[in-house]
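Shared chain: chain A. Partners: chain B in the first complex, chain C in the second.
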Partner chain A sequence: MAVWEKNSIIFGLGSLIGGLLYFSIVAWQSMVTGALVAPNFGIWISYIVLQLCVSFFGAWLMTKHAKAAGEALPDKGEDERDQLIRMRAEGMQGHIMSGLVFLAMALWFIHGNSAIMFHSLVGALVLSEIARAAWQVFNYNRAY
Partner chain B sequence: MAKRPPITNRVRELREVHGQMSQSVLAKEIGVTRQTVIAIEQGKYSPSLESAFRIARVFGVGLEDVFGWEGD
Partner chain C sequence: MGFRELSAWVMAILIALLGLFYINAIFASARALEAAPPPNVPLIAVTTVFLIIGAIVGHLVAVAIAPQDADAPEDERDKLIIWRAGNVSGWVLGSGVFVGLWHFIFQSDGNVLFHILVISLILAQLSEYVLKIVYYRRGV
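And now, the complex of A and B:
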């Protein structure tokens, strides 16, 4: 498995775990208060910090394992195939992201509730990141 | 699953002819990762024109001695 493929899996998992934490806290607090919880800096930053921690710790472990296994890391970063796969995945991520941002804005016009828009935007970030990672892994395993 | 590109190659065969050259050595010579060499050999990835020329030069042969069009 390519080093950058493993990296994509790790970053995808980081987004998934961070997103799950964010939305479980939002859901739990909303159930307690009986209304959709307003955007909260603490919850939002916890999502960012958890995502970064999982991603960086995972990338550190992967690098350590790759070195121990004698699987040399590419000294100049990505090669042409890695770049092509990353660009395709980023292109798709952009489409998903813009679609979801459009939906979040539409929700604001329908409900006039900025909390819904904020949480939808976080959801757009999480989903587009997971989709990018999944598409990257898929492209590493297909012929083209 | 996407259709394989209609480009064939003799990279594995040429590696064996050239003293069992490893995939890692070839990868280093042409400036890609070993996984990319594996993908090329399996026909899952068609390299760029630059990499194709680099591969041919490593083996000291012409481009058409390494790569071909399926059915030709």
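And now, the complex of A and C:
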């Protein structure tokens, strides 16, 4: 498996774990209070920090493991194929995010609750990032 | 100029004009209220209808100007341009959403978050079409 492919998986996992933590806390606090919990700095920053930590620690671990195993690491960044795969995946991520942003705005119109819009937008960030990683890995494996 | 480039021009001009109209109306409303106004459904509906009508008319004109490649499937160059422009557009939208979320964390104003999202969507689409034009003009 190529280094950039592993990198995509790690960043996708970072988003998945960060998102799971975020929505677990939201669900737990909402059950305790009996209403949808309002967005707050603590939950939001914990999502961002966890996502960044998992992603960067994972990338560091992957690089260390690859070096120990004697695998060749790219010394000049992405090649043409890596760039093309990344651009396609990020373009698709943008389309998914647009759709989910529209959905979040529609939910706000329907429910009149800005907390729903906020949590939906966090969900949009998480889902679009996971979709990007999955699409990138899929394109690496079909040898595009 | 090919059909796809003409199409990008049509959409870029339309989105720029209607985006300015929408943003100007929101800012005028904010000045009058001295606060962020709630989403204006009639304004959104009118802007969307004008966008749809403008896109249909503009594309009919584009087909009349460049009929030879209007039905042609995308070639490798077209695909590359679409991916590159879409990539940047996604980043613009993602950054806008991120800014909106941070703003909401500190201000808790759903109206402002909504307007930031709309402006981000407008800027993302505008940047996509403008970049398509740039890439077509310079041959990717």
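Everything below uses one rule, namely that the second predicted complex is superposed on the first by the 142 of 144 C-alpha atoms of A that agree within 3 Å, B and C clash if a C-alpha of one lies under 4 Å from a C-alpha of the other, contacts with A are read in each partner's own complex, and residues count from 1 in each chain.
The rule we apply is simple: a residue touches a chain if its C-beta (ideal position, glycine included) is under 8 Å from a C-beta of that chain, and two chains touch if they have at least 3 such contacts.
All of these numbers come straight from a predicted model, not from anything done at the bench.
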| item | value |
| --- | --- |
| Touched partner set for A:91, first chain B, second chain C, both or neither | second |
| Chain B versus chain C as contact partner of A:104, first or second or both or neither | second |
| More chain A residues in contact - chain B or chain C | C |
| Touched partner set for A:41, first chain B, second chain C, both or neither | second |
| Residues of chain A that lie at the interface with chain B and also at the interface with chain C | none |
| Residues of chain A touching chain B in the complex | 1-3, 5, 71-72, 74, 76, 79-82, 140, 142-144 |
| Parts of chain C lying in touch with chain A, wherever the complex brings them together | 39, 41, 80, 82-87, 89-91, 93-94, 97-98, 100-101, 104-105, 108-110, 113-114, 117-118, 120-121, 124 |
| Parts of chain A lying in touch with chain C, wherever the complex brings them together | 38-41, 44, 84, 86-88, 90-95, 97-98, 101-102, 104-105, 108-109, 114, 117-118, 121-122, 124-125, 128 |
| Interface residues, chain B side, partner chain A - complex | 1-5, 24, 31-36, 39, 42-48, 51 |
